[in-house]
Amino acid sequence: MEKSFAYEQLALLFAQMPFSQLLGIEITHLDGESARIHMPWRDDLIGNPQQRILHGGVISSLLDTVGGILAAASVVDKLDGEPLTSLKSRLATLSTIDLRSDYLRPGKGERFSASAVLIRSGNKVCVCRMELHNELGVQIAYGTGTYLVG
Amino acid sequence: MEKSFAYEQLALLFAQMPFSQLLGIEITHLDGESARIHMPWRDDLIGNPQQRILHGGVISSLLDTVGGILAAASVVDKLDGEPLTSLKSRLATLSTIDLRSDYLRPGKGERFSASAVLIRSGNKVCVCRMELHNELGVQIAYGTGTYLVG
Amino acid sequence: MEKSFAYEQLALLFAQMPFSQLLGIEITHLDGESARIHMPWRDDLIGNPQQRILHGGVISSLLDTVGGILAAASVVDKLDGEPLTSLKSRLATLSTIDLRSDYLRPGKGERFSASAVLIRSGNKVCVCRMELHNELGVQIAYGTGTYLVG
Amino acid sequence: MEKSFAYEQLALLFAQMPFSQLLGIEITHLDGESARIHMPWRDDLIGNPQQRILHGGVISSLLDTVGGILAAASVVDKLDGEPLTSLKSRLATLSTIDLRSDYLRPGKGERFSASAVLIRSGNKVCVCRMELHNELGVQIAYGTGTYLVG
């Protein structure tokens, strides 16, 4: 299987996750090095009605999602030309071990963009750094996620 | 204002948060020492369709929510008999500084229960420890949250 | 090899670590479920001269040390009757992936006690919760550590 | 008091901390935006004798130290021209709330350099990101620290 095709399949799998759909997440970039997702503002994602800002749980969900997609892509990156079925079995065991979210500024905006880069990439565990910005480029949060990948 | 009435008002405020309603969160206990919330399983909260388990973002949302409610209650606990309006202005500035989620077991179950206890309670910052269990008492996650309260 | 003997060997190995000796750490309990270490106060461990309290780095060192010892013991616990040499090769790859320290109260005291329990125990990764108390039972810090064990 | 003079005084205060001296830490840069410290290798900082690498606690100590110095400098940055005595009273209450260390690669090297940048700077709380490199520019660890500054 071509890597670029595998990344596309992966993006599709993650986009079809029920909770990603509930949040309105769209995957806009994915390869073995980095990932990016987007989500438009919606009133039912509000945490604090007086301030009209995203709930902290939505922010953590975006950070975990983009980190998890990249962790999965790092698995693809190491599977040279294996078939899609073996990818699926590898992904079935992929899971988040721990996640730290640092909330820097209120989650205000119309369209949010979360990105991830790999800072540790191993056969068993990988660690990603994530960032969340709004459409004006204001950084809302940082994240660090440790993922079990093998 | 009576403390027990203030806790009830607080629980109401949090239960009315749009994202809490989207997740189906119900607040079942709240005082100045501890908090507990519940959430029933729903298919649109799934993270991994093959495994039918909660999305990690849902788990972090539950942990952050129950910790945040307790952080707010700790503010009530220190406001002796002040009116509800002053509580509201204090709560407007309450926010999560950082959150760590430790995912221990797959999020399987029919009804989930998240609880929080205060481990550091200050005038400016408080720190909560959170746990998530399913209806069989299986622990799914741990959380630690640092909240700005003053 | 008997498990109890393996735990003793492990405690010996950790006690001989140069940095553990620099801090004056003593291992007082170890099995596959929990670990405990002690460290007496020393003036050169001070972080803040005006307050005469332990440096935050000393506190994190104690938390990481007791969690790491327990992570190692969890490996012993799964190696049924294998020889000491195979234990050593397993331990050579044991490492901390990430550590979170929550500083609850100033590090005052004459003798400090750090303990750890396993909250997730796997073949590749384990997660420990740690606590630090002084000789009066006052809790100074909480820790959470994720360790690569296989 | 001139800011540059205040930063120098601050660097001096931190360099004189007993535990910083025990580790051999030297402060090489400090202003309101960033900080940098150095530490030479020493055999008594070893965590794992077989691998001859820094103990994880030493790494966390370096991360916490450089983040803490920057948190203190951010206080100076907001005290316009106040005398040194008021700085000292502000610093007496400065403390680390929580610290996350991500260990990326073994702590090998002859001279280590830890740096910090502010990612959230408030009147009560600030959050720093830290990095640790060896003399070859290899990154050994990332850190995130939340500090109480007011």
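Note that the chains are named A, B, C and D in the order they appear, and that numbering of residues resets to 1 at the start of each chain.
Assume a contact is a pair of C-beta atoms (placed from the backbone, for glycine too) under 8 Å apart; a residue touches a chain by one contact, two chains touch by 3 or more.
Per UniProt, the chains are A, B, C, D = Thioesterase family protein.
Since the model is a prediction, treat every value here as computed from it, not as a measurement.
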| item | value |
| --- | --- |
| Selected pair, greater C-beta contact count between C-D and A-D | C-D |
| CA centroid of subunit C to CA centroid of subunit D, Å | 23 |
| Centre-of-Cα separation between subunit D and subunit A, whole angstrom | 30 |
| Residues of subunit A touching at least two other chains | 97-98, 100, 102, 120, 127, 144, 146 |
| Overall pattern in which the protein chains touch one another (line/ring/star/complete/other) | complete |
| Residues of subunit B touching subunit A in the complex | 16-23, 43-51, 54-58, 60-62, 64-65, 68, 88, 92, 95-103, 106 |
| Contact footprint of subunit A on subunit D as seen in their complex | 100, 102, 104-105, 119-120, 127, 129, 139, 142, 144, 146 |
| Sites on subunit A touched by subunit C in the complex | 97-98, 100, 120, 122, 124-125, 127, 144, 146, 148, 150 |
